[in-house]
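After this come two complexes, each holding chain A, first together with chain B and then together with chain C.
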Partner chain A sequence: MKITKIALALLLCISIISCSSDDEEDLTGQTGSLTLKFDNGVGAQDFIFGTSYNKSNNESFKLTTLKYIISNIRVKDSKGNIFTYPTANNVFIVDEANGNTAGEILITLDDVDAADYVEITFGIGIDQSRFLLGAAGQGDFLAEAQAAGMMWSWATGYRFMRFDGTYTNATVTDGALNVHMGSVGTSLDNYKEVTLTFPNSVRVRETASPEIHIEADIAKVFDGETSVNFSDGYNQVHTSATTTPVIANNMKGIFEVHHVHNN
Partner chain B sequence: MKKILIIVIFSPFIFLSCSKNDAEVYIPKPLNFDMPSNFPDIVYNLDNNPLTEAGFELGKKLFYDGKLSANNAIPCAFCHEQAFAFTHHGHTLSHGVNGGIGLRNSQPIQNLAFQKDFMWDGAASHLDFQPIIPITSDLEMGETLSNVIEKLKADSYYQKQFGLAFEDGEINAANMLKALSQFMVMMVSSNSKYDKYVRNEDNVTLSQIERDGLNTFQNKCASCHATDLFSDQSYRNNGLSINPRLNDKGRFGVLENPEDLYKFKVPSLRNVEVSFPYMHDGRFATLEAVLDFYDSGMTDNGNVDASLKREDNSFGISLSAYEKESVIAFLKTLTDNEFLNDKRFSEF
Partner chain C sequence: MINVFQNFKIKTILLSLLGLFFSQQHQAAVIPPHEHSPLKVFCDLCGCSTSSGSSGFGTLDNLSFVGLRYIYQDYESRDGIFSNSPTSNERFNTYQVWGRVPVNEKLYFNAIVPYQDLYRHFEDRTEYINGLGDITVIGWYQFKFFKKHKDHEVDFNHVEGEDEENELSGHRLNLGIGVKLPTGEFENRLTDRINPGFQVGTGSLDGIFSVLHSYSKNRLGVNSSATYYLKTENKNEYRFGNQFSFSSNVYYNVPLEKSAFSPFLGISGDVYNSIKQFNEALPETNGNIVNGAFGSEFMINKFIVGANYTFPISQNLFGDNVTSKNRFMVYLNYVL
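The block that comes next holds the complex of A and B.
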């Protein structure tokens, strides 16, 4: 009898100890939502349609369309675990025209595993494995991309970006500017991925929906890893094996996590 | 003995399977070609290439298939998007394999069954032969016909579909071109607001400004943009300044006749609202820019069409601000949304 009492007391002690020793919360099975806020800018200026922006080589540009495709978003937590958003829905069009009044375009990911995340990786455009699923394997995104003008024909594939507008330089005033970089079928792969670390951890919980504010510096599309000139043919970028990889590389460098909100 | 027995047991199955195949022999389903009552006579000879469902489907598949190009990624549809009356949306000049840039603005694919010849300079005199030009051009699809045929022969869809579409069932260039023609012949745009108005259908009426525009159009534009195809199918020099980067001599390049210098085919104006930019090199982005050009932008390049000469010997078509506005209002009645959204012609 006594022994049983002691045993019970001991058990109680152990359970209390084990509870108190676990000061980290148990996040198993818990999910929350995570929002990415894309904010396009040109250097230190916010991007505004129809505004003229200067670039190198005494050239300037004005845009009427600004959109690009983001896909394969995944986040890594402080323990090194990677959460990948479900592939079928892991593809988005960031369209400046759909921005809020502050010019921010929001992508909200639901059912993200609760964790403290430290970095994010995403792709710019469509990778070859998604393209090789064929037109029938694209789900709703095919119609969405078509409606948004983000597709050539299926054989050619997706336009990863659409910068449409005009450019001006010493010899041309308001010439047509159309930068539509993408992969070209399976013959040219321009899909790129970027990884950005967060300045502080992003806490996804059932009750907390953090936001990641990502700034995209459009100026770097033309003056990034490589500086390109409209006068050298970069006013029209479509399927060329010479110009599209340069733009794809520059696109890789335009993103930066400015700050995160944990709430 | 055993062997014989086996043969006897299985023979009914062999016969059965044979007769089943016989029952599956495909009977071509003819496709009806509807003649719009306000159109001139059809030019394409359908007797030489009877339209069938299987032939049309094959032509559509080819139209959207990158295999027709050197890098397997530039199909016809790359430069001919349905939503823009099968033109290359917004492009002055079109882009092909290896980043090549074509020399001219891609033209709409519509009502081709009614055209005598094709391309801006009339280089193709039969619809069946037109696709050879873009397929083999280094600047466009960069392929050879024989190589395209090799690729099609290796594809199970084409192995089956050529058999359904053509009596001889052969995968060859002639049948491929016939199938593409069947698809293109069916692409008729004849149900715009204007069409319904002239055919007295569905009680469609034009507004005051649209009727004013039609009136001005008939007085000042319809001698070249004639009939309800809105082209007399002639080649004319309309006084565009010469772009030195292209130095495109137009129809001259076909026959090298000096009288053809800088002449281009009078384009149809159907769906002109969505087929921007305009002119053979796509130099004008808007209809306003086009009418401003006709009013006051022409240059005398030495061979301008006589019909564009004013009484004071200058070139141009004088248009008031209201005339321009109303002509544009009228031109927008030529937009045929049924055609632009017709599922029969769309990729998906």
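The block that comes next holds the complex of A and C.
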């Protein structure tokens, strides 16, 4: 009898504290902002300018410039709907030099449809359709890219990335390292897209501005899908139809969503 | 027949209880539009471990008392995602009014009312929050055990007519059911920081289920406890992971002329399940820790002064992003 009473008391306690609500939420017409936080690292280490990092084949590199172009950001929600950020403004330069004290570069997208997003897709560099809009069709981004040194001539087009610094190997000490991959006009297309799934849903609301923390492993630019050697000409990558596609493919594999914040 | 029916009923109740215990809450609810929850909370280290079984609910002798307790805790957290990311240092000061109040011979209550005073030191700045924490109230039912004489044993001390059933065995078993109330504020302004485990309260109403065993013979005593915390979602749709805590202390009572001195050695531990936000488990938010402890109580007249130092023996907290350094506590109790 006593046990029954105790058990009943327990039951009562649990039922009181385990209430939950099952309401469906109406998100129609609601928009919010979404922040992408790019965090460059080398393996498990945070990237720091001027630090020497080892790569394969006993080569090492030190960088003084690290930037790349991200464009065509779109997110997919749990129902399969895709939200694409307006094309005209959907192009950004992620520049390590513009990072905050923790070395994170933030891109904030406003007026994103409220939804529970599960996946993000973005491009590395500039796709052909944007390039074909011509100089006048580039909006403010043309001037921004020129100022950041992310353009060759207009005819050649954009540099999708810019890693400048020095490299050292068995035969060279502090040789010049310049990796400037891009498409070459319309003859060579190095634009690549990456799709990353989120470890937790990203809940954009009028009052909730989630953050997606994206880790970029710079080591994989040289030791990714293909391992490349500075001694084989990858110390100077510019418009070559041989080296740029290899770097473009490696760039595709450097990104990972580390975690998301819903606040 | 009636007995069978009763057994069946008890079994059903116990089974459904177990079911409830381990069942998850279903369906995400609406977020109230004006509320936020933190970016990343590793655990409710401050809200729970200071009032948990691993810190102890009472004194060594299981006496009734009212008193004051101070707990200092030191943690180190990684402030970033890389192995060379900067670290922050969390220093938690907790001041508690605590007591154990008897209702009758078998029933008693524990209550802990904490005030939290928390600091987090970054390389370049310090954050600080304070306020009333989460109040814990636990009701206990005590079972006492009596010595049994085995049939084949001849008890030479046995006096004819004496009621031998009244001889206590030294074992006590206490079952406790309690709640942790959301009296501490779960704050929004810390939301732009990594690891705001740094909160004066969890904002949730939690259930506490505890078993406490004590044994004392001559001057030696052993107290052991096992406690389960069933945590619920707070209004920010944030739910700290359920927690299991255990502790065991061995003490030795040294009587002095008008006082007594009881040094003790102990081991304790906590296991945390993953935190859930919007009903999804957050990665790297589970963990476990085993602590060693040593300390002493000193009893003079009706006062008990206690102090102990707790240090981690092994830990794996939250993807190793949080490291517990040590814990120190002092208390002054007045025996009722």
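One rule holds for everything that comes next: the second predicted complex is superposed on the first by the 241 of 263 C-alpha atoms of A that agree within 3 Å, B and C clash if a C-alpha of one lies under 4 Å from a C-alpha of the other, contacts with A are read in each partner's own complex, and residues count from 1 in each chain.
Note that contacts are C-beta pairs under 8 Å (C-beta built on N, C-alpha and C of every residue); 3 or more make two chains touch, one makes a residue touch a chain.
The structure presented is a predicted model; accordingly, all values stated were derived computationally and were not measured.
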First, second, both or neither for A:156, with chain B first and chain C second: first
First, second, both or neither for A:225, with chain B first and chain C second: neither
Partner chain(s) touched by A:140 [first = chain B, second = chain C, both, neither]: neither
Which of chain B and chain C A:102 touches, first, second, both or neither: second
Which of chain B and chain C A:185 touches, first, second, both or neither: first
Chain B versus chain C as contact partner of A:258, first or second or both or neither: second
Which of chain B and chain C A:176 touches, first, second, both or neither: first
Which partner, chain B or chain C, touches more chain A residues: C
Overlapping contact positions on chain A, where the chain C interface meets the chain B interface: none
Interfacial residue positions of chain C with respect to chain A in the complex: 6, 9-10, 13-14, 16-17, 20-21, 23, 25-27, 29-31, 33-40, 79-86, 124, 141, 175, 177, 179, 191-192, 205-207, 209, 230, 232-233, 277-278, 280, 282-284
Chain B-facing residues of chain A, complex: 135, 142-143, 146, 149, 152-157, 164, 176, 178, 184-188, 236, 238-244
Chain B to chain A touching residues, read off their complex: 64-67, 71-75, 77-78, 81, 89-92, 95-99, 101, 285, 347-348
In the complex, chain A residues that touch chain C: 3-4, 6-11, 13-15, 17-18, 20-23, 25, 39, 41, 44-46, 101-102, 199-201, 203, 205-208, 211, 213, 215, 258-259, 261-263
